[in-house]
Each structure stands twice: as C-alpha cells, then as structure tokens.
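By letter and in written order, the chains are A, B and C; residue numbering begins at 1 in each of them.
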Amino acid sequence: MEIRSSEFLRRVREVRPLVHHITNYVTVNDCANICICAGGSPVMTDGEDVADMVSISSATVVNIGTLNGRTVDSMRVAFSTASEKEIPMLLDPVGAGATPYRTETAEMLMASRPTVIKGNAGEIGVLSGLGGDVKGVDSYGSSDVASAVESLARATGSIVVATGEIDYVSDGNVTYKLENGTDMLGNVSGTGCMLSSVVGCYIGAFGRSIGAVVSAVTAFNVAAEMAVTRCDGPGTFKPALMDAMYNMDGESLDDRARYEMA
Amino acid sequence: MEIRSSEFLRRVREVRPLVHHITNYVTVNDCANICICAGGSPVMTDGEDVADMVSISSATVVNIGTLNGRTVDSMRVAFSTASEKEIPMLLDPVGAGATPYRTETAEMLMASRPTVIKGNAGEIGVLSGLGGDVKGVDSYGSSDVASAVESLARATGSIVVATGEIDYVSDGNVTYKLENGTDMLGNVSGTGCMLSSVVGCYIGAFGRSIGAVVSAVTAFNVAAEMAVTRCDGPGTFKPALMDAMYNMDGESLDDRARYEMA
Amino acid sequence: MEIRSSEFLRRVREVRPLVHHITNYVTVNDCANICICAGGSPVMTDGEDVADMVSISSATVVNIGTLNGRTVDSMRVAFSTASEKEIPMLLDPVGAGATPYRTETAEMLMASRPTVIKGNAGEIGVLSGLGGDVKGVDSYGSSDVASAVESLARATGSIVVATGEIDYVSDGNVTYKLENGTDMLGNVSGTGCMLSSVVGCYIGAFGRSIGAVVSAVTAFNVAAEMAVTRCDGPGTFKPALMDAMYNMDGESLDDRARYEMA
C-alpha cells in the first residue's frame, strides 16, 4: 500500500477533529498544543462530564501517565462511551510494566478494544506478553518489536504502534517500519504523549486506518527532524517542534517520509 | 471615557497583586507565568486551604476548564470567601454550553456575582441567554456579541468580556469594542485562560473598574501583536508573548491601543 | 571541603537516576524536563501505585505546591516508603507559612526526616522557627538565613537549602553560601520547583551528600546565568535554561561556580 502522508495531513486540517483527552497532568499542555498544530481541536476533561464531552468528539485519547482511582473511572467511562457511539479511541499505556497498577489499568482499558494502542517498545512488549523492559515511564526496549506489535494487534484487533529509535505500526496483517525521527525526542518529557494526540487527530478524521496512523507518526517525526535543526537543546526543541508541525507542508512531508513494510 | 492603558500597567506593576487561581491543569503553567509577566504574583491552590489563600489574595480567578466534583467545591469556597471579604473575583466559564455540567457550574458560580465574567463569544452567548455556538472548549461565535455582553452585564452586575476576533467589554452601561490582537492567539491552547489571569491582576490592583478590564485585555492583545512578529509559529509565539508582556512599555501600549465605545 | 561540581555533574549523567516526584500541577512539566536536562529520568505518580514506583526509584521529590487531601496521603506514602527502603527524599515545602494547612503538611512530612529540605528563605525561616515572611507561595526573606538553615538542619538531620538572592546550604555542621544565579529566576513560575528536581537527581545518584546538593544548586544557577544572556525575557528564558542545563560542560561549571563556607 502506498501511503501519501500529504493527503492525510490536508484532510486532518480540513476536518479539524475535536479530540477529547484524558491524559496526565505532566504533559497535558504540550498535548493540547501539538493537537492544534496538527490540525485538531483539543478538549480535556476527566470530570463528571466525560461522557457528554466524548459524545461530541471525533476521537478520544486516554493516557495513563498519572492515574488515580478517580481518573481511572473517568477513563473507563470515556472508552465505554466511545465504544457505544463508535468514536475512535486511542490508548497510551504509559508505564505499563513498571507497576502492577499501570499494567492492570492498561489491560482493563484494552478490553474496550481501542482503535489504536500506542506505547513505547517496552510497554508494548509487556502488553503483548512477549516481554519488555520498563523502568519508571521510560522504556528500554523489547527484543523483537515487530513481533510484539503484530502479536498485540492480532490479540486485540487494535492498530498497534511501538515507538523507539525505529517505530513499528501493525494492524495484525501488515506491519510498517518507520524510520523518521531524531534522538532529541528522548530528551523532552512527553513527546510520546504528544504523538498520541497527533494520532488522535488522525483517527478522529479517518477512523480506523493504518494509513492514517502511519501518516500521523511520520508527520510528527518529520516535524521533529526539522525542529532539531532549529534548536540549541531540549528547551528550544519543543517550541520548534510545535512550529514545524504547524508549518508542515505536504510536499516536504512526502519527500522526507521513510517507511516500509517490515 | 478616556482610558490610558499605560497608567493601569504602571500601577499593576507597583501593586504586584497576589492573584489566587483555581484553573485547569492544561494551561495553569502559562497562567502563572503570564501573571508574573503582567506584574502580578500568582498562587494556585484548590485544596483544603482555599479559603485561607483567597483571604490573603488581591483577587481570585476561577476557570472551569477541567472541573470535577472536588474542584467545583473548591471554586464555590473561593467565590464565597471572596464575596464575604470583598475580594475581586473573575469567572472564566470555559466550555459553558458544551456540556450541561459546565453550563450549570458556570451558572452556580455566577450567582456569587463575580466582578468579571470573561469567556469567548460562544460561552458568553450561552450564558446571556442570547445563544452561542460552542464545540468542546472552542467557541464559534455568537450572532450579536455586543448585545450579549451588555445583556449579561446587566443581568449579573458583572463586567463582562467576550473574546473573539474583536473583543467586547461591558459593565451594562457602557460597552467597549477592542480591536487589538492577532489570529495566532487561536493557535495556542490557553490564551483565553492567560487573558483571565491578566485581568485578574488588574482587578486585583483596581477592583471593579471597566477601565482596568479594557486596559488588561488591550495590554495582552498588544503583547500578542508584538510577539507574532518575533515567532515562527505557535510554539515560539507563546514564549514571545510572555516576553512582550514582561517588556511592555507604556508608551508603545498607548500608541497601539485600539478600542472605542461600541 | 573542596567541591568539584564537574565531577558530580558527570556522575549524575552516568547514573541517570530515576527520580519520582509528587509535585504541583502548575510546574510539573518544567520539573520533568529539567530533570532530563540535568541527567535524570523523571517519573510522576501520586495515585495508587506510589509505593511501587518509589520502590524502584533512585530518589523521591515531594513538593506541596498544590496539595489536597488525596495528594497529601500520597506524599505520606511516598516518604514512608522511601524511609523504609532508604531511598533519598527531598521535601519542597512550597507556601509553608502562607496557610496553616501548608505549614502543618510540611511539618508532618518533615517527621519522615527527608534527606533534603529545600525552600525559599521565608519558608525555611518559618520551618526553622526563626521566623520568615511568606505571602502566597513567594517568600520575602528571613532576617538571618544562614542561621535558619543551620538550625533547621540540626533539628531535623536533613541537609537544608534556602534559596534567595544568595542561597544557603547546611548540614548542621557546615554551611555554604552560594552566589551564582540571576534575578530572572524570580520572573518564571516554578524555578524553585525545578531546582528541587535537579537536587533530586543529585541525591538520587549520591545519597546524602552536601557536596552533591551544593553542586546541584550551583549547576542550576550557572545554567540560569548562561540562559539569561540568550533570552529576551521570562518566556524565552525558560527554554534557554533547559538548553543550558542540558549543554552544561564541566569546565565552564567549575570556572563559574562561586560558593564558600558561610
């Protein structure tokens, strides 16, 4: 399958999907801003009006980065509402494997069959049952990431994304290997969360589409490649990343995109 | 009435008002920082010491961007404490009209008769009863914003601000139309919240004063006009906006200020 | 004692300590990012998995900037777990002295005998019993800061840091006076919180070491001196501070370090 990322980019900006988030309080502001820069409109709520807000949204993104009893309940409501109304949903299982509470919460949420599960290689390794190495909320890899994404995609019916130096995306049938990006992404807290918001915009516009997910990850990573040439370190990289995402033109994106079937 | 924004700016910096906030966890950091850049001193607390903290503050800002049962209780305490002690208070009814919970919470808080109610055109349209169009936390306007601010100001006794391409400020008797600003403000999450913090500083220094409110909105919008010339996109716009607010000189402010009675 | 800050810097980067935080929702993102730039790996959790996460961390940082009943319970668990497992812990008693709830919470947490207590001069003055002047979460000094840090260090067994134009660090026996820094730090919300995260990295790598604490404060302040020459105001100062911390070389650090026994 040939994926023209520029077409996905254009369409997301046209649709301007409303993307509901329940995400962690560490990186939530960056998620909101990258969502706007990617062409979406973010809304964050984890209180009594979760179901009402999810119901009017184009997609919902649930990130368990800072979870507690109250917000886990809200996450459950967000996903059950999205399931019922067939609204695309993304799960970012931050820190699954680091503590039992996180692993269990991720597994509970996976039971709602999210459209996309996006984690780093360690988290996806843990959830796939193939094993992964997770310390805190940072991952130190999984021995065979391509197998892990494929296996988890088959088990769940979700499109699965595992990030790392190389990113993998699988729907259980086809698996892509994505090579864009920069090491600088690892020096900023929440770039994984930001990527989840971008993917949330794309599934908000396209629903369950592996082309949309590959395009979302590629657009974000290409923006990061551009930003790293315009910064002096992690501090100035983050605003440059926002700018690059906002200013992305389709032609540059297609020229720089590097992915292939794994 | 002639309003010299430079005089208000100078005085806020002299007073350095302590501005208590209960605001959303998405944009709270930007609120704290713009408050400092505007000349105030921010404090955020929504826990058991809300009443104590409000009591020593010059103003309190309540923003319902991410609300839940616990924080709504704290908002109620903040406003009742402020009422009792005659401390200026601002309500930012984020997302009123998007979900019933938000509309009801905004209405409950309006009953405390806040000094200022500041929302976007859609939220103010909804709260005025004249109708507005709200999706998520972004507004898509109200047919007649000038009427909405005036009507809501009369009904509540508050000074009412409705933001949009053009901003309107009314105390029920006089209505101002403010023309400063830049579209880039719409590309950054929380610029409305940041404006509420700036207005909070001004009412913290001046109490109920339409001149102070007009000056606060104008200072923020002029800073935005300056910042947009020094950025490459939404990412670098935000730090440039902070810098411009911090470096604002009274002469440039008065030169660039554009408002008139509506 | 001669302290070579460059040696501490090098070692922290080698160890890459996992630093658990329970901190306020205002400045938490900056804490995560400065932690990475200082050489650590941040993790924030205040939910049901606090004890599990603290148990795998190199240090825990507790900051009471935005506290409520739920998070105070989590703070207690974090410190009791750290005590039991002999994991270094830092307390940042934000706003102690401003409200009784904050003072009492700080005192409750001090009973766990944190490795480091770091506050501004007013907070440390209050907690030492020598008196301090605190308004909101900003401090207006203490008459005799050197005495306050020494006295509090003796009473608690903690290494105590009091920040201000000049910073003081004491273990009860030796007290250092640290002269690096810039006034611009006072124009950005959360620079005190960020410093706590940096100190958290250093005690995560070194345990209870006054040399590590002095080096952490000095590295942060030298980064701030470098950043202030590369910014136009508080907005661009913050990313420049991150960059400077990340790019810090040991030689420049040793050259610029200015501290002496008080």
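We take it that contacts are C-beta pairs under 8 Å (C-beta built on N, C-alpha and C of every residue); 3 or more make two chains touch, one makes a residue touch a chain.
These numbers were taken from a predicted model, which means no experiment stands behind them.
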| item | value |
| --- | --- |
| Shared chain contacts [chain A and chain C, defined touch] | B |
| Fitted rotation between chain A and its twin chain B in degrees, CA, nearest 5 | 120 |
| Averaged-CA centre spacing for the pair chain C and chain B, given as whole angstrom | 33 |
| Residues of chain C touching at least two other chains | 25, 29, 238-239 |
| Chain B-touching residues of chain A, taken from the complex the two chains share | 18, 20, 25, 28-29, 32-33, 35-37, 41-49, 52-53, 56-57, 70, 230, 238-244, 246-247 |
| Chain C-facing residues of chain A, complex | 24-27, 29-30, 65-69, 71, 95, 98-102, 135-138, 187-190, 231-236, 238-239 |
